[in-house]
Amino acid sequence: MRLEQKLKPKNPEFLKRVHEIFDRAPFIRDIGLKLESAEIGRAVTSLEIKEKHMQQNNFVHAGVLSTMADHTAGCAGGSLIAPDEVVLSVEYKINLLRPAIGESLRCEAQVLRNGKTLIIVDSFVYATQKGREKLTARATVTLAVVGSSYD
Amino acid sequence: MRLEQKLKPKNPEFLKRVHEIFDRAPFIRDIGLKLESAEIGRAVTSLEIKEKHMQQNNFVHAGVLSTMADHTAGCAGGSLIAPDEVVLSVEYKINLLRPAIGESLRCEAQVLRNGKTLIIVDSFVYATQKGREKLTARATVTLAVVGSSYD
Amino acid sequence: MRLEQKLKPKNPEFLKRVHEIFDRAPFIRDIGLKLESAEIGRAVTSLEIKEKHMQQNNFVHAGVLSTMADHTAGCAGGSLIAPDEVVLSVEYKINLLRPAIGESLRCEAQVLRNGKTLIIVDSFVYATQKGREKLTARATVTLAVVGSSYD
Amino acid sequence: MRLEQKLKPKNPEFLKRVHEIFDRAPFIRDIGLKLESAEIGRAVTSLEIKEKHMQQNNFVHAGVLSTMADHTAGCAGGSLIAPDEVVLSVEYKINLLRPAIGESLRCEAQVLRNGKTLIIVDSFVYATQKGREKLTARATVTLAVVGSSYD
């Protein structure tokens, strides 16, 4: 896939912003998600898989993969907005390509389309088992860019 | 919408099965989701909203709504399968219709299409604030019906 | 599903507008889609199934069902916008619930969420064979409301 | 994105099969879609944009882009199935990233996950205007692999 747009930050302190999206979200702390890196239009997160993340068949719950895909997408999109804007997920679709098992998860989110009011982001979630990494889920997330006074 | 199919259980102990899908999922216990009721092709769950469920703008995190929508769909679909089968989410789309705020969430999941290998389920998530309930999210979930020896 | 919002038209001549969305779209004429009825936040269309609509297994092509679901959603959403606005589909998901066969198709589109910049619409496509109507596809469409000078 | 699987054909005459999926679909002929190339797990199609493909704002109708994305995905998936199997779209999601205008469209479809019963395919639709090609839509398609006696 060719990405034709050049992505430019509207906020010179965009990295600080991405960290805020991360650090101020209690559910993200509760799950244990970590921000690995961030740049313009892109973010990478990781999660150490624990017993508490599982569903009834001993795979990582789709809700954990979804949270990771959605929040990492929000960070990738959040790197592109102005200081007085916020991003909110309006919809996403996720494909759970294979059961997630192993020691850890890694999510890469990349902006596909940077619009004024809508940002579209692809998130890829990989699971590492015994040193081997496999794509386990892929999501496409639509973020709305709204004023920070959104209510 | 008219649902033309009559839904019949392949497992006479389907209620027990739905409870297992619920009780044996550590992530569901961790989040605090409760099974309110279940019948053939349908399930209802609830969640008391706590600080730990929030994202950075003080709304319930999309990942919480997604987990609820996905897992309740799995319960609705799980009521229809044979004892030696399991349901696994293969994909879903969720629309986050308005920010989720308030005291509690309720999710209703209803099977839209009961196929031999694929079950399609609609999940509606409502948020209650000061006694008033509003639709906050809606998901459509595709479940694969697979043998329990699935690996 | 309970729809909590009351939908109000911003355009007193909204019916004329819906007819324009219909009559001015060459692909819709080419396919043979007909507008059956329209009201605030809702539209119904129909299609006589012909040989030319088929795919390689002699079912109606998913592209025909998609066009119908998308365009009828646009009509439902188009009933709600101001005279100087247009609606554009930004994304949708469609579930093809069973192969579409028979004499005719009917599509009902209903607005699920009427936002200032985004309108979410559900479309249900039914196929009639020998007088019996079955749900064959269901789509959820996100429409962006933009100024008519959109380029 | 890394694609970890090696894709192998189950049908030595897979190219012939892809051509059949193409040539035997009346709606595809009617629209004017052309098969440019096909290989294992991948297909490329093209369309000369004509007046009849337009919607009411003079962009290519989302239904045309959807048909192209869905059918090209079916060809990519169809290259992987056995002679006695067929692929049917069970659901897809499409993002309409920017209005499609110009002289021609090109669609690239690539299998993301090749399962025994479900094949997941990504389709990218590009529009060329005055020699410059831009990504205009992206779809993710779930195909069911079923016996050819499917009814």
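A, B, C and D label the chains in the order they appear, each numbered from 1.
Convention: a residue touches a chain if its C-beta (ideal position, glycine included) is under 8 Å from a C-beta of that chain, and two chains touch if they have at least 3 such contacts.
Just so we're clear, the structure is a prediction, and the values are computed from it rather than from any experiment.
Ranking A-D and A-C by contacting C-beta pairs places A-D first. Interface residue usage between subunit A and subunit B, two copies of one sequence, is largely shared: over half of the residue numbers at the contact are used by both copies. The greatest centre-to-centre distance from subunit B, using averaged C-alpha positions, is reached by D.
Here the CA centre of subunit A is 32 Å from the CA centre of subunit C. Mean C-alpha positions place subunit A and subunit B at a centre distance of 22 Å.
Chain centres here are Cα means. That of subunit A falls 28 Å from that of subunit D. In subunit C, 90-91, 93, 95, 120, 142 are the positions where the chain touches two or more neighbouring chains simultaneously. Interface of subunit A with subunit B (complex): residues 20-22, 24-28, 30-31, 51-57, 59, 61-64, 66-68, 70-71, 86, 88-96, 99, 150. The part of subunit B that touches subunit D in the complex is made up of residues 90-91, 93, 117-118, 142, 144.
Residues 1-4, 93, 95, 97-98, 112-113, 120, 124, 134-135, 138, 140, 142 of subunit A are the ones that touch subunit D when the two sit in their complex.
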